[in-house]
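The letters A, B, C and D name the chains in turn, as written, and every chain counts its residues from 1.
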Amino acid sequence: MELSRPGFSVYLTLGYPGPAEALEVLRSLEACVDFYELGLPTRRPKYDGPTVRATHRRAVEAGVEGLEALRLLERGGLGKPFTLMAYLEDYLERPGLRGLLEEAAAAGALCVLLPDLPFDYPEMLEWYVDESLRAGLRPCFFASSRFPHGWLLRYAALRPLYIYLGLQPATGVELPIAVERNVRLARRLVGGSYLLTGFAVRRPETAAALIRAGADAVVVGSAVIRALEEGGVGEARRLACSIYEAVHGAAAGV
Amino acid sequence: MELSRPGFSVYLTLGYPGPAEALEVLRSLEACVDFYELGLPTRRPKYDGPTVRATHRRAVEAGVEGLEALRLLERGGLGKPFTLMAYLEDYLERPGLRGLLEEAAAAGALCVLLPDLPFDYPEMLEWYVDESLRAGLRPCFFASSRFPHGWLLRYAALRPLYIYLGLQPATGVELPIAVERNVRLARRLVGGSYLLTGFAVRRPETAAALIRAGADAVVVGSAVIRALEEGGVGEARRLACSIYEAVHGAAAGV
Amino acid sequence: MVDVPRYWYNIVADLPVPLPPLVDPLDDEAAGDGLGSRIGLLVRILPSRLIDEEYTLSRLLPIPEPVREAYRRAGRPTPLLRAEGFERALGVSGRVRIYYKYEGALPTGSHKLNTAIPQVYYAKLDGAVEVATETGAGQWGLAVSIAAAMLGLKAVVFMTRSSYRSKKARRIAMETLGATVYPSPSEVTEAGRRALRENPGHPGSLGLAITEAIEYVLSGERRRYVAGSVLESVLTHQTVIGLEALEQLPEEPDYMVACVGGGSNMGGFTYPAIGMKLRGEGFERTRFVAAESAAAPRLSRGEYRYDGLDTGLVLPLARMYSLGKDYVPPAIHAAGLRYHGAAPSLSLLRRLGLVEARAYSQEEVAEAARLFARSEGLIPAPESAHAVRAVVDIARRAPEGTVIAFNLSGHGLMDTDAYEKLGVAGGGS
Amino acid sequence: MVDVPRYWYNIVADLPVPLPPLVDPLDDEAAGDGLGSRIGLLVRILPSRLIDEEYTLSRLLPIPEPVREAYRRAGRPTPLLRAEGFERALGVSGRVRIYYKYEGALPTGSHKLNTAIPQVYYAKLDGAVEVATETGAGQWGLAVSIAAAMLGLKAVVFMTRSSYRSKKARRIAMETLGATVYPSPSEVTEAGRRALRENPGHPGSLGLAITEAIEYVLSGERRRYVAGSVLESVLTHQTVIGLEALEQLPEEPDYMVACVGGGSNMGGFTYPAIGMKLRGEGFERTRFVAAESAAAPRLSRGEYRYDGLDTGLVLPLARMYSLGKDYVPPAIHAAGLRYHGAAPSLSLLRRLGLVEARAYSQEEVAEAARLFARSEGLIPAPESAHAVRAVVDIARRAPEGTVIAFNLSGHGLMDTDAYEKLGVAGGGS
């Protein structure tokens, strides 16, 4: 299966705001996302920004951690496709990469994004691809905005479901970086691969600009979480829908 | 009257080695000089080297000073033309430039070379020329080997009997200076003017090389004086004659 | 003739593996100092354009025209020289050819100006009126003071206390240029006061001075922190050295050598060549050697892990070879080499074996400096003398035809106190 | 781009009146020191080729290729810069344009290297293994030390005692380069011992240090004296400055300004332009201004007459503006301006009104240095700051459109002691 182009996705840590409400919140956004990105809660969200880190902490404190979070999806499932985000570090020993991917596949995920893989386990890249395919998943890759060109080319050659470009140094933190330039450069390197962009996107205009710069999709996490915190589900939904429309409008040339 | 080309001259301070012997010494060199250069003894031979300075001192101590020295020539005269060398400084007050030149003319000199004129009285150049002509003399000019080109051109335009190029910083002192290069340069600047070169020439080969480099004549002072001191008149004469021959041979292309 | 390059080179684009990101300390919430995410804090600390250069996918970064112009004013391109006198003094004439890039030709006497100029320029673009920074021997502080004077900003420099005392000439030079210089630890910041309370005789460390400078920036308006080394963008700026050298070198060296404090002159000198090697465009057999001080041997003896860039953890953590952010190295004369860590990209290259490291004691370095000064007529900075020392080692054992190029990152005309104490001045020749 | 010139310019060839020769003291016989004619003695003192260059009719002197090469190594051509920051600081922006030639870019930090290189090279051609000289602030001694290290000779430097103490950094730098440095008056020479007997607290003078250096040369084999200034050949070597500047200046200045110690940087900077003026080829309305120290105001207050180049009269006499060969100037920070005389050609031009002179006190100079450092980012040497001071005066009163060019003969990074004492460091900006 391929993701829709353009695409809009919301990131949420699975288990946030709480085990009870998590699914409900996700479903409330359903009309305005093309797919979800769901984080497996961890005690060491090492490459995440403060807002996302807090959601991990909340989930873990509520007793939801790692693959257990997938159980929340059993209660009825989601109406849109989803991919998972997990730190490989947490699973290497138990249940191992294969176990992680198999459970993800069983839960219906399209792929598992491992943001620490390129930095901490670069030598495991091919293994991850093999194991994903073996589990019936597509590989998904993470890249930062200071990333070797050779790796982007390599990613592209491995036919991923998507290449996730982290536009900012961490999720939810906006620094004065010429993100559109980076998207244009990434696009040149990844060719026709599906390019998902995220980290600290919070406005419809930014999302639209990213699509115009060459991204296939945009994912929003921290901003939706903050909206949820400040204005509840309604506010989160309004934000998601406005960005969804911007993304789709931008692609249509609006 | 013009000086012979090539020419060879000996410089001696008039009154040296003593009032009695001066004329005799000059005459003994007669066969080997084309003309003489005679210095009027002074207490301040400021631009002369140590050997010539000593001859001034000897003459002055023997009671011969300034224009008085010309009396020595009255006792029979010389068989070759001569020019005089005097420091203008000594005569400015008494008897004045005009007096100096008139007495020099009366004594039969062809010109009076004033080595301090360009350095200490540059503004008097034209006056000196006028007064020389008025006294029936030709002007003679002194130039050093660090000298303005403009002045060499100016000298040449004033039609002197000769332009005397002091090859070394002082008479009788030989420093490692590329004198032939300087002669070539001077020649280019003075055109057809009679170019007399001197200061510290002491070997026939040097003299010949100067002629080949473009000098019209060579004058030797300190070396002859030293020969006289060390080997008497015979030695002085041998030196003068060897240089005389080198000069004339060089001009003939020998 | 070689001109000032139009682009800086960003090696991150060519690394064989991705560069681990800067990250927040995971216990930030617990820290409770109210500063929040360290990554997020950067926007209040660093000049905006520097942040953008830190996070770019571009391999080549255009050098802004005013910066290029200032480079030219400052005397770039700097010369690349053949060290014939030194070869003779080493007894390797005809066997080994040695070249060096001479960054001491810049008006501050070191390579530091290469990044001071763009950073102060970027601070000015942000509307800043003051720039603050740390300094060890004073080379960096002096470079910032000059750049600030050139561009009309005020410089505030936290100078490690040991150097504040021993490198008086550089301190006064900074003050003459209008900079305010504080000994670090200072009474001016909370971090400084705390360190002094704990150890009134604290000699200072670069890590602590950084924390102080940043505290100073955060506690006022229109201030920016400028970074002397370690950040990728700083190494990128320094690549003018290596880019010029590529044009100037008459032959591909077997060794390229530089000293390492934070890694900026090493990165600046070698990265363009390492990049070519990584892209398969040349320098296949070239070895890249980092010379560090035995007093702070992070590349040789440090641990490769996430650690604080500064003692106070005001900056994010970086994955690098480190001796620990609280390491206080002995007060050696090469104060610029006293940093506890090394730039992340350089650390990564070291880990991958693309860069080798050697650590030298102050005494063996002094001997090399003496030999070099007397045979080449240029006094190396004590920092740069570490590279000279490494070259001595390599050259003495090298086979016929070996070519060595090194970066003479600065001159030591203002470090004569050091050379006097080390016995390099005077004596036989 | 401007290249290193192929020829030096000898202004003697273009002077409007002949230059009075160097002469022996008339009472030499009486002196009875056995040294004989001072003119004759030069052959035992100076490098042969320097003597030839002193006595040449050539207007242009070819720069030997090894010297040109060394000039390139040392960073020639040096930059010619527009002082926009300084113009703003002076409040004359848009009204007055100021340019400066920056000789501080050379590795010794001053123009002195321009003549140290050829002279040491010439000494080597003579088979010398040692060169000796005098120095004040140490700029010249350092230049000779560098040139000697580059060419493999030993340097022996007599440093005026006051500077030996205050300019410790330069002294150690010389020693680091392998030079032997003696405080002058020293115990090493008869002239030094005599001066110390007469005045044990003698601060030294350049004139005396010259005598010592020459005595040292005459008392050994294979030694040559190298001259820091005053000789025509030295000024000729320095014309690389002005020849480059003619190529670099975008417009003909109304004023050309330099400081004057012995006159070498002033001559070097201005003579090529004065020559054009004298030959009617340009610079008709340009005024040439010499800035000297009120502590040694020879061009402003000295007498134009024959005087000793050195205190001990070991060298010939020169006709020049002089304060008397025995004049011991106060121990000002600009030690390089403490010479009692000024080069004969410069003296002559001053006498002819082609060069003007202005003398400034240490305090007014310091103020100008401060302003310049803070607006341009370069700390002028205390000597060069005199030129800066003159520029301040001229610029403040100049009509719209005035163009000023000056020679920044050296940087003051090693003179920070002076700037600290003069209160230039620190304070408001």
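Operating definition for what follows: a contact is a pair of C-beta atoms (placed from the backbone, for glycine too) under 8 Å apart; a residue touches a chain by one contact, two chains touch by 3 or more.
The structure presented is a predicted model; accordingly, all values stated were derived computationally and were not measured.
Common neighbours of chain A and chain C: there are none. Path length between chain B and chain C in the chain contact graph, taken as the least number of steps between touching chains: 2. Ranking all chains by how far their C-alpha centres lie from the centre of chain D, first place goes to A. Per-chain Cα centroids separate chain A from chain D by 71 Å. Distance between chain centres (mean CA atoms), chain A to chain B: 104 Å. The geometric centre of chain C is 36 Å away from that of chain D, both derived from CA atoms.
If you draw each protein chain as a dot and join the dots that touch, you get a simple line with two loose ends.
Pairs of chains that satisfy the touch definition comprise A-C, B-D, C-D.
Per the touch definition, chain D reaches chain C in the complex via residues 1, 72-73, 75, 79, 81, 85, 88, 104-105, 107, 109, 145-150, 152, 154, 168-173, 175-178, 180, 369-370, 373-379, 411-414, 416-417, 419-420, 424-426, 429.
Across the complex, chain B is touched by residues 10, 12-24, 26, 28-29, 36-37, 39-40, 42-43, 48-49, 51-52, 54-59, 232, 316, 319 of chain D. Residue ranges of chain A in contact with chain C, taken from their complex: 44-47, 49-50, 53-54, 57, 118-120, 122, 143-151, 168-170, 173-178, 181-182, 185-186, 189.
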